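Next come two complexes built around chain A: one with chain B, the other with chain C.
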Partner chain A sequence: MDDSAKRLLQRFMRRIPTQMLKTTLEKWSRLTVAQQKSLDFTQSKWALTEALLDICEENKWTTKHISELEMIYVIDNPNQGMWHAFQLMDPEDDAHSVELTQFKEQFKSHLSELIRHVSVKIKKHTDEAVWIRIAWGDSYSRPNHLKPTYVVHYLQTPYVFVTSLTSKQKPLLSQALVLSTRHHAIKDANLSGKKFTAIRDLLMRQYQQAFPTKYPSPLKEKNQTVSNPLIEREQAGPAANRLQMACEAFGDGMLPQLQSAVYKLETKFRDQTNKTMTEREESFRCVVKFASTNLLESLRDCASSGIASTPVTPLLSSIPLKGRNYFVITDNSPGPSSQMHQKTDG
Partner chain B sequence: MSLLKPFSKLPGLNTANILLVESEEQFQQSLADALVEETAVTVNVRLAKSLPLPMENEESRPRIDLVVFIINLTSELSFQSAEASLKYLDPGYFLGKVCFMVTNARKASAPTERLDAVRKLAASLHCPLLFAEDQTPDGVANATERLLTILKVSAGLVPMATALYLSNLTRCTVPPDIDQPSFD
Partner chain C sequence: MEGASTRGVLSHLSLLEVQARSRKTQPQQRSRVKELKAEAEALMIQRDKLKAEIQTHERLQKLRMSMDKQCPREQEEEEEMDEDSEDSQLLRLMARHTHLKDLLHAHHLIGGYDIIKTHQGKGVCVSVATSYEGVCLDTYNLEIDLKPKLRISRHNVPPFIPLNSLAEQSNMQTNIRAFLDTLSRHLNAFAGRKQQLKLLKEQHKSVEVMESNVLCSILVLMLTVPREKTAVLCTLDYTDHTRCLPTRVHFDCEDKELPDSPEWKKNCHLLMETPVHTALLTMKKMGNIV
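Then we have the complex of A and B:
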């Protein structure tokens, strides 16, 4: 067992919570029953690491086996790190017939053509997702297993989710993905978040969605908070109206947990009292960022409580509608006298 | 623009009507639930986000005996909304039938300037200023009790006491040196 495998195991043990260790090791299914029994999970992590290292040494397991263990843990706990979504474009005719073994072979061969030192591990998860773990090296160094890139692709869909990818590795991964999934291009889906499940659900529409036609009238049955005849809401009508508007924009069920939405403004500065800024030729650049533990819930609440104006502005409602949380806002037509027509683009 | 008037309608027998105005519509609900528990008098509670009140409820609305503006000190919007609502009240209300209730005053995130602004506002309108804790059941019970005391007087249910008389004793006053920098 070499040094890098040892370090990988130590790092893995540092990351994993003790209560999850047992189930993860069981899923790994490389330990014999006797070995499983010999591990005392009430011990300290340090002692457990030493025991595991001994077992690995005994069986002459290498980095390959340890990275398998890490992968099992990451697949079970995907809501860590920063996930970015990508979308494959222009499918070829046979794109829909790509199946797992073919994809596996193609992806590996394409990637190893592009870069010599790379270690790829592909595993199919139960829910049709293909998980890819890539340890990158460069022309002179062996693959670094301590900083792997995780890629999740759902076969026959154009969606790819990636975590911890550097800009240097991005073109390599893009090319390998495009070729092996039989597409022509890949583009950034402008969606990122800390929760993998949330951005997957948002992009692949796997949550209870808003259908504007679903609410023809104010939600009477949901508005029965006031039951006492002595208590009366003066503005019950507008409140119900706001709630309806909010539900039309964001739906009324659970929403995927997004952490942030970023709007990059590249518009002209407009303020009649400030001539110097208004008459400048260049656009006024600024970034507006909304952050919350559950952004979509917060926005819905803002709209229904009247903090944000209703009907919800398309800028906010297009987060769930278009499945993205990064927008660039530019002016439609140049010139300071033009109206406030804006389009979202990016 | 409809002005809410204190004496445009006849009072009901053994009834007191209170209007709770809060832009966030959080605390007013729990307060209302506690207020209607009162058994000695029938308490009608009207909830509003802001004034003016909608015209279509004009008919069914009883005579409002006390208007309470609930201001969350951590939110500027809450203060501004209350301030904007004030001008839809008939001046007659300010003879003891309006009070301000402030929540979250103990939070560190509430700027002291805002509390000063609320105090000045209450003092300039000769209204009492109450402080309430909205997170705990005890705090809600406490606030309810205080409001009921004022409500009963302003509804004319307490012999020998009038709203104007009570408000002379309870109205908020601002110390003359509130704008001076403190020395501590």
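Then we have the complex of A and C:
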């Protein structure tokens, strides 16, 4: 067992919580029953690591096997690190018929054509997601398994989710993905967050959306304790209306957990009392960032409680509607490079 | 009679004749008047009937207007106004009947999709329901802006259904019905394939699903031949995404002759023509697979 395999296992053991170790090792299914039994999970992590190292040594397992173990753990616990979404563009006619074996072969061969030292592992999860683990090297060094990139793609969909990708690796990955999924281009989908599941659910529309249908699902009313029944009756109508609009804008029930939304403003400063700022030639730049442990839920609550006005401004409802949390706002007139035209007044 | 004697018998006779004739016509005239009177009366009754009908119609129209507006307060007022009239109940029922009939007609016109107005009539929300073998599955919704042109503003159709290209191909702007029909076919076929896969996994534990995708357009199964225990890799391609049945069935086996045997040729046909879970059931019964 070489040094890099050893370090990979040590790092893996540091990352994984002890209570998850047993199930992960079972899923790995490389240990014999006797080996599995010999491990005492009440021991300290250090002792467990030593015991596992011995077993690996015995079986002459290499980084290939250890990275498998790491992959199983990451697939089961994907809400770590920072995930970024990308969107594949202009599918070719045969894009919808790409199947797993073909994709695997193509992706590996395209990537290894672009870079000499790279180690790729592809595994399909039970929910049809294709998980790709890439350990990058360069022309002189062997693949670094301690800093792998994880890529998740559902075949036949336009979305790709990526974590731990450097700007140097991005064009390589992009090209391999575009070619192997039979598309023409790939672009940043302007959506990122710490929870992989949230980003996936938002783009794959796997969260509960509310629609104004004829037989509306009864939106759950909050238990408000209002002492005066007259006030209650007077306010029930507008309150229900606000709740409906808030749910239509952001969704119903559990919402994907986004942590932030960023609006980059590149607009003219407009204020008659402040001539120096208003008359400046160049645009007024500022960044507005909303942050929360669950941003969409916070926004929905603001709208339904009346803190934010309803109907919800397109600036906020665009987050779930367009599935992105990074916007550049420019003035409507010039600036063709804008990503989201928005008239700003005052 | 004296006068008559003076003027002569003949003139008297002629006088009598005239008198007799006139006596005959008088009852005739009388019956004519009666007839005309009856006719007038009938016409009057008809007029009253028509008047009443017009009145009823007008009131129905009024009721309908308020119903179409769906303004509950107005309806309440109407109720109070008509409380004394005994047919008001009937009228309201009739109005409701025509209202429902019109709605049903509109529902047929738009192809049976549930559509409601949103944003004070500036948009609509269309629901497309899916089902398979009589089981209701997911319902998908589209919010469509009407002006300046039709635009899908929000929806919950999964990203592997090419919504935008379907809208373009079927000319949504001019023919929304065709677009909705195509979309409904795609969604129903997807729901059907997904349901088949679910049933397959539930009913056939001995069959291993080697491959599938989110669109359920590719399915690779591992089948086992009973006695020899040879494994057969069965690939089902659903290239036509508007159908629940595969467009291609292919077997891979170590025994190269097996796929060409008449039995397996029959299996191939079976898989092409029946849903995969029922086809496998038949194959099991025939003893072709475990």
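Assume the second predicted complex is superposed on the first by the 308 of 346 C-alpha atoms of A that agree within 3 Å, B and C clash if a C-alpha of one lies under 4 Å from a C-alpha of the other, contacts with A are read in each partner's own complex, and residues count from 1 in each chain.
Note that in this section contacts are C-beta pairs under 8 Å (C-beta built on N, C-alpha and C of every residue); 3 or more make two chains touch, one makes a residue touch a chain.
Worth saying up front: this structure is predicted, and the values here are computed from it rather than measured.
Of the two partner chains, neither chain B nor chain C is touched by A:L179. Of the two partner chains placed around the shared chain by superposition, chain C is the only one that A:E128 touches, whereas chain B remains out of contact.
By the touch criterion stated above, A:G237 is placed in contact with chain B alone, chain C being left untouched.
Judged by the touch definition given at the top, the superposed model places A:S97 against chain C, while chain B stays out of reach. In the superposition on chain A, contact is made by A:N228 with chain B only, not with chain C. Residue contacts after overlaying the shared chain place A:Y159 against chain C, while chain B stays out of touching range. When the two complexes are superposed, the chain touching more residues of chain A, out of chain B and chain C, is C.
In the superposed model, A:M204 lies in contact with chain C only, and not with chain B. Chain A uses no single residue to touch chain B in one structure and chain C in the other.
Across the interface of their complex, chain A is touched by residues 19, 23-25, 29, 32-33, 36, 42-50, 53-54, 57, 60-61, 77 of chain B. Residues 225-226, 228, 230-235, 237-239, 305-307 of chain A are the ones that touch chain B when the two sit in their complex. On the side of chain A, the complex with chain C involves touching residues 96-97, 99-101, 124, 128, 154-159, 203-206, 209, 211-214, 321. Of all residues in chain C, those touching chain A in their complex are 114, 116, 118, 125, 127, 141, 143, 153-160, 211-215, 217-218, 237, 239, 241.
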